[in-house]
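Heads up, the thing below is written out as C-alpha cells.
As written, the chain order gives the labels A, B, C, D and E, with residue 1 at the start of each chain.
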C-alpha cells in the first residue's frame, strides 16, 4: 500500500512536471517528446490502477503514434514556437498563389 | 504510520494531477499562439480526463477485470474487481482522440502551407 | 492582462471541478455487489463469464455489450483516415513522386528494424487474437502493427505500402464487422448479438463472435493507422 | 361565394405568362363576384387546431366590390401599359397575387387568414416596387421594413388576442374586447392601429409611400394607392367602429383622437409636399397620402356621418386616384416623361386622357358636382357638429389642406396637359384603347356617383349597420346639413355642370390662343436669348412663393430622422459584429468564459 | 429480415466501408451507392414512421442486451421524425451533389464517403438511447464535418475547419467530462436510466454536470458565445456541405440539447427553460445583427441559420406543447428552406468574387429559375405567409403569448424585421439592374434542379396545407415532452434494476 501510494504520488508529480514542461518549452520537438513521456507515465498510472487494457492502448497510441504524427507535423511546419512569421499576410497570399502555380 | 490516510493522499495525487492536466492543457489552448502547441494542449486535456475517468472506476485493492484460470471463484472470494466500464469507455475515447488529433495536425500542415506561419493570431482572414 | 484573465478562469474551473470531485471518494466501491448489481459495471462482471465466456471483461464490454460504440469508434478512425487523405491530397504532376521526409537512416537502425519488424507484427497479431483472454485487443494490436510498419517506413526510404492492399484490408475488415452485426439480425437475434457457441472460459476459441470481431477490428485499425502514417509521411517537404 | 374564392385560389397556379391571362383571371373573378354576391355561405378551412373562415358581409361587400371593379379595369389598362416590357410573367404574377390577396383580406373572417393575405399583399407589392429597379431597391426595402413593422405589430396583436380569448375570429374579438383589462385593451388597440396605419400611410409611418407609389409601374400604382392602402382603412374601420366603440369610452377615446389628429396632420403635410413636387407621379403619391389622411380622420372621429363620409371618400378616392395614376401612366408611356416642368400641352394629343384626368381632378379637389364634393361636405359637417371642441381646430386643418389641394391639382393638369406646346412632344399620340377605356369608364362612374351618391350610400350604410351603427340614413341624391336643409344633388349638378362646361371651354380656348404660335425657344427676356437648355416655361418654379412660405416646415422631413436612426443602428450593428474576431483562440476564450460564468452562477439559475 | 431502426446505421456504415473497394472497380459506382443506400433508408423511414404511429415507440435492442445493460436505439415519434427529415435531406443533398467534382477524381470519392458518414452520425445521434454512444456519434459528425469543411483545399477552408475543430474539440472534451461525472454518480449510461436516477444526485453535482453538458452540446447547437466556428464553416464548406450543416449537424445539436435538458434533467421547475429562452434570444439578436452587415451571401446565410437556431432554442425554452410543436416545425422548416437557400444561393454566387452580394445585380433576369428559388426561400424563411416558415413562427408566437411573454414576442418580431431587411436587400438586388459584364452564369445540374424543385414544392405544399405534416409533429412534440413515457418505453418490462412501477410515480 505504501509503495503503491508513493509510486503514484511520485508519478503524479512527474506527470504534472512533464506537462508543464511540454506547454512551456519553446522548442516544439522537445515539447512533443515531453508529451510522449507524459503518455508513458499515464500508461504506467493506468497499469497501476488495474487498467491494463487502457495502459496498453495508451502505450501503443499515445506514446508511439501520437508522438510520431506530431513530429511529422513539426517537420512540415516550424519547429520553434516563437518563430517570427517571415511574411505578412498579404505576402502570404501571393506566396500561396505562387505555390499553387508551381504545383 | 497508521494514521496516515493513504486514500486521502492518493485522491489528492490522482484527482489533483488529472485536474492539473486539464488546467495545463486549457492554459496552452488559450494562451499559446502556435497551432501545434494548441493541439498539444488539447491532447493534454484529453489525457487528464482519461486519468480522471480511470480513477473514478478504481476500487481500493481491486484487481483488473480479467478472469484468470480460477475464473468465477474470484468473485466470491471477496476480492473486488475494478469497474470495467470506465476502462472500456476510455479505450474508446483514446482512439477517438487520436483520430481528432490526426485530422487537426493535417489541418495545421495545410494552414502552414497556405499562410507560411502557424501562429493562430496571424490566421484570421475570415472574420465578422 | 490576458494572462491574468486566463489564470482567473483556470482558478475558477479548478475550484468548480474540485467541489464535485471532493464528493467522489477515491477508491470507493460504487458498483454495488456483483450478486445483486445496481450499476452496469457490476452487471457486466456478473454476466460475462457465464453468458459470454470471455475472460477479459473489458473486451466483452467493448465488443459485445457496447459493441455498437466500437462500430462507431472504428468509423471514427476510418473517417480520420479518409479525412486526412482528403485534406492532404494534392494532385501529383507527371514525374513527381512522393518522397519520404526521413533522412536516410543509419545502417544499424535499418538492420535493427528489419530484425524487429516481424517480431512486432507477430506481437500485434498475438495481442488482438488473444484480446478476449488477456489485456489488449484489436485496437492495441492494430496500433502495435502500425508502429512496426512505421519503423520500416522510417528506416527504409523506399518502403512503400501497397495502397490497394491497404484499402482491401480496411474495407474487408470493416465489412466483416458490419456483416457479423447484420448476421445477428438475419438469424433472428439482435444486431451484433452473439449467435455462435460461446465455448468455455479462457479458451482461445471462446466468446462466440467476440474474437472474430476483435480480429477484424485489429486488421482495420492496423490498416487505417498505417494509412494515416503513410499519408503523413509522404507529404512533400517544403 | 365559395366559388369566387376557389376562382381566386385557382388563379395562383395559373402561369401568369402575359397580362392578358391576368386580366382574364381578374375580370372573370370579378364577374363571378358580382353575380354571386347574394349567397352568404361561409367557407372554412381547418388547419391543425384552428379553422380559417372566409365569408362576406355587408361591410366587406363594399370593399370587395371596389377592389374587384377597379382592379378588373386596371388590369385591362395593364395589358397595354405593360406591353413591350420584359419580365412580364414576374410582374403579372405579383400583380394578380396582390389583387387576389386583397380579396382574401376582405373575405377573411378571422385574423389569421386576414394576416396571411395581408402579408401576401405586402410581399407581392414589394416585388413590384423593385420591378423598375430604381435606386438599387432601397425604396423597396424601405417599403418592406415599414410594412413589416406594421404587419408584425398586427401579428403580435393577433397572438395576444388569441391568448386572451382563444379564438381568432374577428367577431369574437369584437365581443370580448370590452371584457379585457385596460392595459390589454390599450396594447391590442395600439398594435392593431400601428399595423393598419402603415398601409394607410398615416403621418409618422408614411415615409415609404411617396417613392413606393411613384417608382412602381403606373398600372400597379393605380391599385397600390387606390386599393391597397384602403385595406388599412378597411381594418381601421373595424377597429374604430366595431371594437373600440363597444369598449369603455374613456380609453379608446384617446386613440381615436390621436389618430384623427394624425390624419389631419398627414393631410396637410402631404398636401404641402405634393404642391412642391416636380414630377407628376410624385405629386400624385403625396396627394394620395393626403387624401388617405382625410379618410383616416373621418373614421377616427367615429360619428355616423363622418364614418359614412370616410367610407364614401375611400371608394371615390380609389376611383379618381386610379384614373389619375393611369392617366400619368399613359402620358409616361406615350411621352416618356412625367416631369411637370418639361411636359406640356398634351391636351390635343391625348384628349381622352385629359378628359378623364380632368374629371378625376375635379373630384379630387372637391369641387361641387362630383363625388369628392359630397364626401368632403359630409366630413366638414360631421366635424363641425361634433361634440368635441378640438374637432373645430381639426376642421381648419382639413380645410387648409383641401384648399391647397386645388394648387397641386391645377399644377398637375397644367403641367401635363395645358401650357405651352413644344416640338419635343409632337410625336405623342393618344394612348391605345385598352388604356383609355378603363379611364373613361371610371370617369363616367365618378360623374354618376356625383349625380347620385345614394348608389354608393346604400351599400355603405348597410356595411355600417353591420359594423354596429344603427339606423344609418341615406338618400339617393341629396345631402342634408345640420340645419335640416337638404341639398338636392340634381340641382347642384344642373347648375354646376353649366358653369363647368362654360369654364372648360373657356380654358381650352384661352390655352389654345396663348400657345398657338409660341414655343419655349422663342421667349426673349430683355433682349437676351436664353441658353437653349434653360427651360423657362411657366411650369418651372410653378409655386415658388408658396414653396418659400412652407420651407421651414419642410426642412427636416421624417425621412431624415428615420435615415439617421437607421444609420445609427447599422453602425451599432457593425460594432457588435466585431465580436466575431476571426481568431479561433478568441472563440475558445468565449467558450471558457461562458463555461466559467455558468459554473459560477449555475447554482442560482438551475435548481 | 424485418425492417428496424438499426438499419439506419448499419447499412450506410457497411456501404461506407464497401465504397473504397467499389471505387477500385468502377468510379461511377461510388456516386450511385449513396443514392441507393439513402433510398433504402427512405423506405425504412416510411415503414417505421407508420409503425411508430400505430404501435408507439420502437425500441431496438443491440447485441442482445436490453436496456439499461446494452446500448439501444429508441425510435420515438420525435426521433423518428428527425431521422426521416435527415434522411430525406441527405437524399436531396446527394441529388444536388451527384455531379460534384466530376473532374477531380480521388477526393471526390472521399467526399461521398464523408457525406454518407455525416448522415449516419446525425441519424445515429438522434436515435441512440445511450449517452456515451451519443458522444461517439457526435465525434463521427464532428470528424466528417471537419474534413468536409476543409474539402476545398484553399486557405480559407482550412482556416474554417481548424476553428471548427478547436471549438469542436472543446465540445467533445466538456461532454466527456460531463459523462465522467455523471457515471460516477449514477453508474449507468442509459439515458432513461439516468433520468430515473437523477433525482438522487446532489444538487451541486447536478448543476456542474448540467453546465458541462450545456456548454458541450451548446457548441454544436450554435448557442451564442459558443458559435464562432459556425459562420466560417458554413461559408467555406462546399455548398452541399453547407446544406448538410443546416439540415443535419445543427439539428443533431439541437436534438442533443433538448434530449439532455428535457429527458435527463427535466425542464419543469428547473431554471433551464428561462435559461434557454435568454440564450436563444441573445443568439437570435446577435446573429441577425451580424447577418445584416454581411457582404458575402454565404456568410449571411450562415448567420441567419444561427439566428434560426436561437429561435428554436427560445421555443424549446418555453416548453409548452404548443411551443415545442412550433420548435419542431421550425426545425423542419429550417432544414428545407435553408437547404433551398444554400443550394440556390451557391449557384448565384458561383462565379462572383468572394461570394459578395453586391455583384448579384440583375441575376434575376439571367438566372430566372434559380433566382425564383432563392426569392421563395427568402420569403419563406422570414416567415411570410403563405409559405412554410409562417406556420412555425405563428405557433411559437402563440405559445409565447399564452405564456404572457409579450416582450419576447416583440423581440422576435423586431429581429424578424432585421431579417426581412437583409433578405429583401438581396432579393431586391437580384431583380434590379444589369449584371456586370462578363459575369458567367453557372448552369445548374439536372440533379441540382430536381433537388431544388422538390424543396420548393415542399415549402409551398407545407405552406398551403400544413396539416400534411402537423400530425407527425404533434406526435413528436408529445413524445419529447412526456419523459415518463420515454423511460417506460426505453427501459421496458425487463428491468431488474429499477422496476417500472417505481419509475412512474
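Definition applied: a residue touches a chain if its C-beta (ideal position, glycine included) is under 8 Å from a C-beta of that chain, and two chains touch if they have at least 3 such contacts.
Here the structure is a predicted model, which is why all the values come from computation and not from measurement.
Taking the definition of touch as given, a chain qualifies here only if it contacts subunit B and subunit D alike; those chains are C, E. Shared contact partners of subunit D and subunit E, listed by label, are B, C. Counted by C-beta pairs in contact, the busier of C-D and A-C is A-C. Compared with subunit A, the chain whose C-alpha mean position is the greatest distance off is D. The chain with its CA mean position farthest from that of subunit E is D. Put simply, the chain closest to the centre of the protein, by Cα centroids, is E.
One inter-chain figure worth recording: subunit B and subunit E are separated by 30 Å, centre to centre, where each centre is the mean of the chain's CA atoms.
Our note on geometry: subunit A versus subunit B, Cα centroid distance of 13 Å, whole angstroms.
Each chain gets a centre from the mean of its Cα atoms; for subunit B and subunit C, those two points are 16 Å apart.
Those residues of subunit A in touch with two or more other chains are numbered 52-53, 57, 61, 65, 69, 72-73, 76, 96.
Among the residues of subunit E, those touching two or more other chains are numbered 132, 136, 139, 143, 146-147, 150, 153, 155, 158, 161-163, 166, 184, 189, 204, 208, 231-232, 290, 293.
Chain contacts: subunit B has residues 10, 14, 22, 26-27, 29-30, 33, 35, 38, 52, 55-58, 64-66, 81, 85-87, 89, 91-92, 95-96, 98-100, 102-103, 105, 107-110, 113-115, 123-126, 128 touching two or more partner chains.
Remark: subunit D residues 46-48, 86-87, 90, 112, 115-117, 119-120, 122-123, 126-127, 130-131, 133, 136-138, 140-141, 144-145, 148-149, 152-153, 155-156, 159-160, 162-163, 187, 570, 573-574, 576-577, 579-580, 582, 584-588, 590-595, 598-599, 602-607 touch subunit E in the complex.
Of all the residues in subunit C, the ones that touch subunit D in their complex are 6, 9, 12-13, 16. Interface residues of subunit C facing subunit B in the complex, by the touch rule stated above, are 2-3, 6, 9-10, 13-14, 17-18, 21, 24-31, 34, 39-42, 44-46, 48-50, 55-58, 61-62, 66, 69-70, 73, 76-77, 79-80, 83-84, 87-88, 134-135, 139, 201-202, 221, 228, 231-232, 235, 238. Residues of subunit A touching subunit C in their complex: 52-53, 55-57, 59-61, 64-65, 68-69, 72-73, 75-76, 103. Across the complex, subunit C is touched by residues 7, 10-11, 14-15, 19, 22-23, 26-27, 30-31, 52, 55-60, 64-69, 71-72, 75, 80-81, 83-89, 91-92, 95-96, 98-100, 102-103, 105-107, 109-110, 113 of subunit B.
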